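One chain, chain A, links the two complexes that follow: it is found with chain B in the first and with chain C in the second.
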Partner chain A sequence: MFLLRLLLKNAFRHKLRTGLTMVGLVVAICAFGLLRTIVDAWYAGVEGSSSTRLVTRSNISLTFALPFSYGQRLKAVEGVRQVSWANWFGGIYITERNFFPQFAVEPVSYLALYPEYRIPDEQKLAFYRDRQGAVVGRKLADKFGWKIGDQIPLRGTIYPGTWNFTLRGIWDGAEAKTDESQMLVHWAYVNEWVRQRYKGRSDQVGVYMLGIDEPNNAAVISERVDKLFANSLAETMTETEAAFQLSFVSMSEAILVAVRAVSLIIVVIIMAVMANTMSMTARERLAEYATLKALGFPPGFVVRLLFGESLLIALLGGLAGLLLTLPLAAAFAKAAGTLFPVFQVSGLTMALQVLAALVVGAVAAAWPAWRMSRIDIVQGLRHVA
Partner chain B sequence: MTPLIRIQHLSKAYERGGQTIPVLLDIELDVGAGEFVALMGPSGSGKSTLLNLIAGIDKPSSGSIEIGGVDIAHLGEGALADWRAANVGFIFQFYNLLPVLSAFDNVELPLLLTDLSTRERHDRVAAVLNMVGLADRADHYPNELSGGQQQRVAIARALVTDPQLIVADEPTGDLDRATGEEVLTLLDQLVHELGKTIVMVTHDPKAASRAGRMVHLEKGVLVDTLER
Partner chain C sequence: MRWLPWRYMARNLWARRVTTLLTAGGMALVVYVFATVLMMSEGIRSTLVATGQPENMIVLRKGAGAEINSAIDRGQAAILSTLPGIATDANGRPLVSAEPVVLINLPKRSTGKPANVTVRGTSALGAQLRPSVRMVEGRMFRPGTSEIVVGRATAEGFQRTELGQTLRFAGREWLIVGRFDAGRSAFDSEVWGDAEQMLQAFRRNAYSIVALRLADSGLFEATRARIEADPRLALEAKPEQRFYAEQSEALATFINILGLSLAVIFSIGAVVGAMITMFAAVASRVGEIGTLRALGFRRRAVLVAFLVESLLLAGLGGLVGLAAASAMQAVDVSTTNFQTFSEIAFRFVLTPRIAMQTLAFALFMGMIGGCIPSWRAARLKIVDCLRAA
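Here is the complex of A and B:
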């Protein structure tokens, strides 16, 4: 108790210095948390993917389509429970700045494969019945203030022209990591439009989504699928949904590495700042530590004093930084809109923030604590004189 | 009677830039229990070094220092720290109080190294603060006390573990004459009323004259001893 009291009093002896150090810690820990959350947001698609879903696409590139006829053959593959498909629609809502992903899907099979998209039954039925209907995630609807029944005009890029979709449903994600920033429309409606205008380009599918019974069989089933279409005009590449999502993330791997590096550099910088603070503190109290040792306190007591003080400051700064991260992340998510489908500070990030603060505190105290534990009492006492 | 402090063939030298600088040379000194000894001498005579060796915060190059039958020259760091905590009270020229602790807490510090209960510790602290006349200043911080009051807190801290030996390094060096006199009177009381043994370093002949014996050092050699 006495030690704790002494730690607290020592920690706030130089209020300005401690305050500035804590401000530095708050900024660093907050920045560390936000940068980690940005990286997490990049991986949100991977995190939100299901282990019971596979994605089949053209072996050449994602930009090459697969025949619609593959759907029936895929259903016959052993281990495949469900099959659905989707095409990237690529429409623009008013302006390019309003970007959000749109997919033309087969509604019934698609929503059956994605139970995490929670849509009230009546909205789901309304979507099924209306070929010009669309469903969107809650985040997207909130961003543009859409309500059920609203008309959503899109300017087609892949499918040129003006498209008007009627909003029939809004889904809420089953979990925080569920994507709520997409829009789904009818594949059949889009396909019919293509058939009327571009003969020979209809009945094409961007990707097939396969539902499988057993995640452990994913590799075997993928192999079966790809073998089925081997040596055809449109060979396939089948992978887990997570691997499929990861292939997108890997395109920006260099940026993510840089963001991760910056988040660590920030921690290292504050570590150096705090080490300097603790060194200054220890130097100023040289005579006090010498006095304590003269009175018979062991070197370990001085070590505990310095480590305790450093950890206390680091923990307080770290916790304040953590608390500040939450509203800042919420504000950032709001400002970023649908840029990041999921932008939430994870439990792991919060734990790492606290850990980073404690490591900063411990490392900052290590050198001064070691030095002070070894000070010569006579030299230390002379320091005051 | 066996003296409390028995110093035999004590020498101390420092190594500086590859050179050996002798500070104390073959010191022989006995101090009896309940004695008040003043160590005097010009700057660089080795008096502070001798005090530090007696207090167990420095190690001799050779010779022995027996205090209460224990040769502290041959104790390890840990054992020496334990010995100091139990046997020595320190009074410094600049008081060396922890500025973040109240007078009460500063006096309580050495008791944290004992097995006493909180209640017992607090009783003892209250008693010694009362003894030095600062019972009403227990909650004050060092910067709220005058120099003389701070030195009295330091004396209370030196007394609280009830050590046989008290070492004082220029205890009046930072005080005006009147306050210095008060502190010396207090030290006198510790010797005559509580039977403490005090070894005090001082430059001030007037302060030294309050001691029962004055020991003069010059260039690391004990030149004479004057009994009062």
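Here is the complex of A and C:
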């Protein structure tokens, strides 16, 4: 108890310096947490994927379509319970800046495959009935202030022209990690439009989504599907939804690595600042420590004093940073809107933030503590005079 | 008025080596991040801008935005090749290349994970349209065969891209017969083959884009107006340079915004570090300040002395950070450009402008960090100072 009081008194002896160090710590720990959350958000699609869904796409690359006729053959594959399909629509809402994903899907089977998209039954039915209808996630609807019945104009890039969709339903995610920033429209409507304009380019499907009975069979079923279409005009590549999503994440790997590296750099920066503070503190208290030693306190006591003080400051700053991260993350999520479908500070991130603060505190005190434990009493006392 | 000598300020930094080192080190890291970000977005920009030729024009389907979204059928391509104002090669053929552009998945060397690689079907004319492309190994593909050549960055970044190996896509084995260098442009990240063979293999009956060379870049407006007025076409034409610059915009802007907001947050840490150091410098030299003032140095001289010391500190950090960042120029990076959905290789580019911005940023941090402590030093009363000493 006495030691703690001494530590507190010591820590706040130089109010300005301690205050400044803490500001630095708060900023650093906060930034560290936010950066980790950004990286996590990148992986949100992977987290939100289900182990009972497989994705079948062309094995050349995602930009190649599969024939519509594959749907029937996929249904016959052993272990496949449900089949649905989706095309990337690639529409622009007013300007490119308002990017959000749109998929042209077969509505009934698609929503059956995604039970985590919770839509009231009457909205669901309204969507099924209206070929020009659309459903969107709650987050997307909130971002643009859409209400049910609104017209949503999109400028097509893959399907050129101006499209008007009527909003028929809004889904809420069953869990926090469920994507609420997409828009779904009718595949049949888009396909009909293609059939009228571009002969021979209709009846194409971007990806097939397969619902399987048993997650453990994913590998076997994938192999079965790919074997079925091997050496055909459009060979397939089937993988779990998680692997499919990961392939998108790995595309921006270079950026993710950079963000990760940067989140560590900031910890190093603050380490330098903190180490500087502690070494200055130690230098100033040289005489004090010499006195303590002269009074008979062992060198370990001085070491504990320095470590304790450093850890105390680091912990206080770290906790303040941690507390500040939550409202900041919420504000950031609001500002970024649909850019990151899911933006949440994870428990692991918070734990790492505290750990980072402790490491900074410990490392900062190491050098001064080592030096102070070894000072010569006489020299230290002479320093006063 | 008399100013304090430079030596005084510099020596003070030397006298407190450890502190100087730690503070300047923190600043150097911030400056390093700041500079690397600018260099990265500059690298992406210059790679894509270098891809375009001033006299070249690229024609896409209206509203397509990117090559892979676009489609131009054979009829439209034939109309385009008869436009007036198109340059001709030595044999009198118009310099027009109708090209299918598709993406295929190849596993990366570094991770083994697949990434999208652009495959371009082209011809001898297409190669003439891009004078920056030259073969560095092997030979060009022969027209009418399943031969392909790979760009330098593709060959370095992806598995199974050695000369003599084959890539399997679109139901065929494609033999790699050459490797080309495109002078650090986006073509470096591509694979080229024969246009007609590609159309066959991918079962397409439309090209993606048409690239053409104008006899004179002044003809651009007239040609564009002609293309856009033609009801058979429904296409849009862009100068090649502008087209590629637009392709880099989103990624470069994204990196800029992400990186600069990081740098600003970091700079708070570094400024705090500088402030702590300078406050301590002032506190430990109260007696000295008093003596200087008593000797007749004005308040302003003391203020400037401490400010310069802080600026020197920041300048030191800035130079170290910049030096570390300039070492990054040797590093090749590749990432997916989400505008084109394909892999692009680039390197960090340090321009004099970026170097200036970086140093200015460092000095700015030093200025902010040093101004309050210096002001405090200048405000000290002579009597108090001397008494404290």
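The criterion applied here is as follows: the second predicted complex is superposed on the first by the 385 of 385 C-alpha atoms of A that agree within 3 Å, B and C clash if a C-alpha of one lies under 4 Å from a C-alpha of the other, contacts with A are read in each partner's own complex, and residues count from 1 in each chain.
Following the convention adopted for this analysis, a residue touches a chain if its C-beta (ideal position, glycine included) is under 8 Å from a C-beta of that chain, and two chains touch if they have at least 3 such contacts.
These figures come from a predicted structure and were not determined experimentally.
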Partner chain in contact with A:151 - chain B first, chain C second, else both or neither: neither
First, second, both or neither for A:31, with chain B first and chain C second: second
Which superposed partner A:132 touches (first chain B, second chain C, both, neither): neither
When both partners are placed on the shared chain, which of chain B and chain C touches more of chain A: C
Touched partner set for A:10, first chain B, second chain C, both or neither: first
Which of chain B and chain C A:164 touches, first, second, both or neither: neither
First (chain B), second (chain C), both or neither touched by A:378: first
Which of chain B and chain C A:51 touches, first, second, both or neither: neither
First, second, both or neither for A:265, with chain B first and chain C second: second
Footprint overlap on chain A, where chain B in one structure and chain C in the other make contact: none
Sites on chain B touched by chain A in the complex: 52, 55, 57-58, 77-78, 81-86, 90, 92-94, 96, 98-101, 105, 108-110, 112-113, 157
Chain A contact footprint on chain C (complex, rising order): 18-19, 22-23, 25-26, 29-30, 32-33, 40, 61-66, 68-69, 102-105, 111, 113-116, 169-171, 202-203, 205, 234, 250, 255, 258, 262, 265-266, 268-270, 272-273, 275-277, 279-280, 333-336, 338, 341, 343
Complex contacts: residues of chain A adjacent to chain C: 16-17, 20-21, 23-24, 27-28, 31, 35, 59-64, 90, 96, 155-158, 160, 200, 231, 233, 235, 237, 247, 250-255, 258-259, 262, 265-266, 268-270, 272-273, 275-277, 279-280
Interfacial residue positions of chain A with respect to chain B in the complex: 2, 5-6, 9-10, 13, 287-288, 291-299, 377-378, 381, 384-385
